[in-house]
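There are two complexes below, and they share subunit A, which is joined by subunit B in the first and by subunit C in the second.
What follows is the complex of A and B.
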């Protein structure tokens, strides 16, 4: 018998002011601090090429954080996340070119529409899991790829599609407070930090506990009073929202987007790197974003074809699935915890 | 008090529960029967995961079958599962909060969770992750979850499975104390006849989905048809 040895009959605990829930503020502050150090370091150390690559990487990490919620918290495999990034970019460009609102409004519109589309994409998840959900979402990503190929991205021309038809592509203006490359990188980092904090709060609070129960089993969740439909829908909407924001930030980075960048394969790649980066720790999303954009940039810098990364990521995925299911972030987190225990003298033999 | 009237469940051509009528009044009641007797099906009927073809269920006079599974939880129905369902990457405390979130106003959650943790003697390990708890502690977390938020009826499906005799004895004491401490009736399903004998003052025995006998546990376990059907005696 290993339970705490306390005499038992009546509930022995009387509520007092000293009882407090463990605070969620510290983990959230840690995210802000880490991102501040990361963003300042990159801003000061990077040249224009690396700054652009890191801007894309951080923007994409926002879409990874949504995917990490679906996979890490709910155990759902969604293979259409990059399509939602495309939806967000598409809407942001369309709104930006048509109405010229502040960048934030275009970005928000991209996030909201992607959240709605994410909600629709999530409908199969109400009945499907595992391989079948993966297949259905992959086919949805393929459908988006087909639509984008046929319609293209709006580039400042007239009409609903906003195609310029060779008259020169208009560029989406960056936010007025961040028109320069470094300022825009810091702006993207600030948005990503906000996204990470929101997602981490969700994981540590009521939604995260409900998602954990759903992952354990829907019967278990219902028996605990969890409305499975609501919490699954919220996860998909939230995931879609941040994917949409990521798309808008990508559009702001280069001023335009190429529809060919949003193929179904990119969704596969994004999911694989979510696992490699680590879907259970917030900074796994940042690692995945860097892998997705910084590693190809590094290879290009070294004169090696960036497509080599596909093979590298394949090996990394196999390694993660076989030996490190918590990904790189999980391993780093475990290492930090181990070092912490060593320093505090509590390390077991 | 649980009042079952003419409950019939049909899965295709099979009736796992057939015309079941019984009343359980004891604060801690037992439900036993051989494999396939319909025990878990009855538990699923009570918790709303299986809809009976006909019949009615009253719990303390409240009709249960008209409520959705979620509303039954909100009305005070709690259940544990044969295999414990503690979330590994949440602390023991958060496992209890996971149900408190949905059955209590925010202002009442902490008190209810801490009271339940204290009752099941897990306060000292409240912040330990589920994965690091031993089986007994995980069983206690399951029991603690059932105590959060003014429970009225607690359904325990083999709560002592896999526990040592000593652990089972502690669990028995905890279960026996629930009605007085929390005002809830407890229905225990277990294959361990000795545990049922020690815990339950009233026991219902099912056999092939039909009621074999219901009454004071000592009398039920001495009943000739029970000994023949369930205990394997001739």
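What follows is the complex of A and C.
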């Protein structure tokens, strides 16, 4: 059964496999099921430290899922995704502290503004590809780094920047239904599941087919009647939206954000780990999120120097590029497929 | 009368201590030389080790003192288990680590914390968890405006205004340019202090904020000199301050303008690095006593570092801060029944700390029970660069920071 679901997520197959179109519902249900098992397992097994680390990891995996669409579906390299996480976080904090709406509203505002900014950041992509797009987006990430290190994140103060000059910094309230650490983790997992499902639906349905055509070549896409501009712009907006939501969820985890954690390097890191995690399978995003936050947490827990993570990520990226372009998720899904074939007997031959 | 007696008693004990230390060299715990073997007392710390700068000297020094304490009877027989975590200058990590130390490891107290990001990230959490923090080095504003967080150092603003006060009183400055990093709650906070003091005392002040990561030192210095100030005060780390001074020297500005700096540029290597052109021209504020002071407690700190620390542990002002934090923690814990050391009893004892004497401090340190914020260390000294060394040029003087009014008012009620 699994074997059927998996090839669909790989773009090469989705092109040639048009004859037998499987139902969209099953893979989506599979996501919900997997995430449910994952979140309950983590919620029961982890202590406060790991719960906090996993909350960040799952929140960040939402931003990875956006990046995975740009890279996995369209082949576009965007190196400013973490800056968009920052934009979403900034807006969520600003709205949250100014009007104290329900958390969901601040989060949505963060997502929408990040989507708009992502759209603007995506404008160069209409003309540029490959290295040039990477350079331009990296510079945008650098711009964000400069701005945010000067502005900082809002913490309950007055004015546009919302910096508190008087008493201590105010914290962004978590959603009223999930104020505790475990409840908030489950909340973030639910949001991530929703995001994964939306993204997977996009890949399996019409937008996914359009993106695949654009990836083949814009002439091909235009000839097939695909509106290249709309679908590219939509991908950027969607990617930005999920980055923004991730930023808001991160802000909700600690109650605030800090400008120093949003350097351009983080965007590079995010992109590298998207590749390592795997940008063709939905759970690649989850793996990348865990790599981003759980691996450093593990090293911290073991008392290993924080710099070691960067080295480990570098080696992992090299490994992924050299031997496993579909990332860890691709390898896992290949394994599942092989096991599936073994069980279904003769089909393997 | 009682006060005089108290002072006499204190000086007598200090004198006795110094006489003792001549023999024992190292003083900590009950000085019995018997290792503590009881159930460990868990104390945590969060520090920014990996990242833009290494802030872990404070916890290294605190660890050395706790090692010394554990080798000398511990807290009435119970050793201290000191858990230090690196927040990597990331507030998210800092929050995770606080959860780990407080919720998972069940720490009863935090000691020696020194981090750029931790105060803002964790102050609320500490308050909710009912745990107190005797921090080593606090830098951003959040470290001095939290209910459960009391650093031993003075902080960049108090230190910068200490330097400013010296410029006003001793150098007769009538105008100033303040150069600070454009980091919210650090540079702006410090230079705002200079501006508000200027309003209060009626001198001219100008603020220049710079990005410490990417700045052209010459253009910054020229911008600061454009208003022809009598003095320029710097709020930068030594890594940024030294290039600024070099650029100023290239422009010949060291001949016409006196430069001062907050304690962030107080490092033994600085005078030799900037050279003889700055002799008598570059003043620095000190949050603690001279690193090489021959006073008893400073000597004890150095001796503890030699015997119980690593050779590679730096002997800088951060280390002084960590040592003091550990000693204050020891003082608080010693008041407790060793069988009844819980987070509640420890927090209560820490809140009661007052009149903590050390010659590394200018004034006795206190926690400030019930205060919404803490800044006990607010009197500082000044030193000047001379012949490749720092020469201490002033006695302890209270920092003229207008924002310290609440702290001064509280101190008045303690007397």
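Before moving on, here are some points about what is shown:
Note that in this section the second predicted complex is superposed on the first by the 324 of 349 C-alpha atoms of A that agree within 3 Å, B and C clash if a C-alpha of one lies under 4 Å from a C-alpha of the other, contacts with A are read in each partner's own complex, and residues count from 1 in each chain.
By definition in this document, contacts are C-beta pairs under 8 Å (C-beta built on N, C-alpha and C of every residue); 3 or more make two chains touch, one makes a residue touch a chain.
Bear in mind the structure is a predicted one, so any value in this text is a computation, not a measurement.
Of the two partner chains, neither subunit B nor subunit C is touched by A:131.
In the superposed model, A:280 makes contact with subunit B only, not with subunit C.
Look at A:149: by the touch rule set out above, it reaches subunit C but stays clear of subunit B. By the document's definition of touching, of the two partners only subunit C reaches A:53; subunit B does not. By the touch criterion stated above, A:302 is placed in contact with neither subunit B nor subunit C.
Applying the stated contact rule after C-alpha superposition, one finds that A:210 touches subunit B and leaves subunit C untouched.
Using the contact criterion defined above for the overlaid structures, shared-chain residue A:226 touches subunit B, although it does not reach subunit C. The interface of subunit A with subunit B does not overlap its interface with subunit C at any residue. Of all residues in subunit B, those touching subunit A in their complex are 47-49, 69-70, 73-74, 78-79, 81, 85, 87, 89-91, 93-94, 97-99, 101-103, 110-111, 114-125, 127, 134, 136-137, 140, 145, 164, 166-167, 170, 173-174, 177, 180-182. Interface residues of subunit C facing subunit A in the complex, by the touch rule stated above, are 49-52, 85-86, 88-93, 95-97, 99-100, 102-104, 116-117, 120-121, 123-124, 142, 145-147, 182-185, 211, 213-214, 372-373.
On subunit A, the positions that touch subunit C within their shared complex are 47-49, 51-53, 56, 146, 149-152, 155, 163, 167-169, 171, 181, 250, 253-261, 293, 296-297, 300-301, 305-307. On the side of subunit A, the complex with subunit B involves touching residues 1-6, 8-13, 15, 19-22, 206, 209-210, 212-213, 215-217, 219-220, 222-227, 280.
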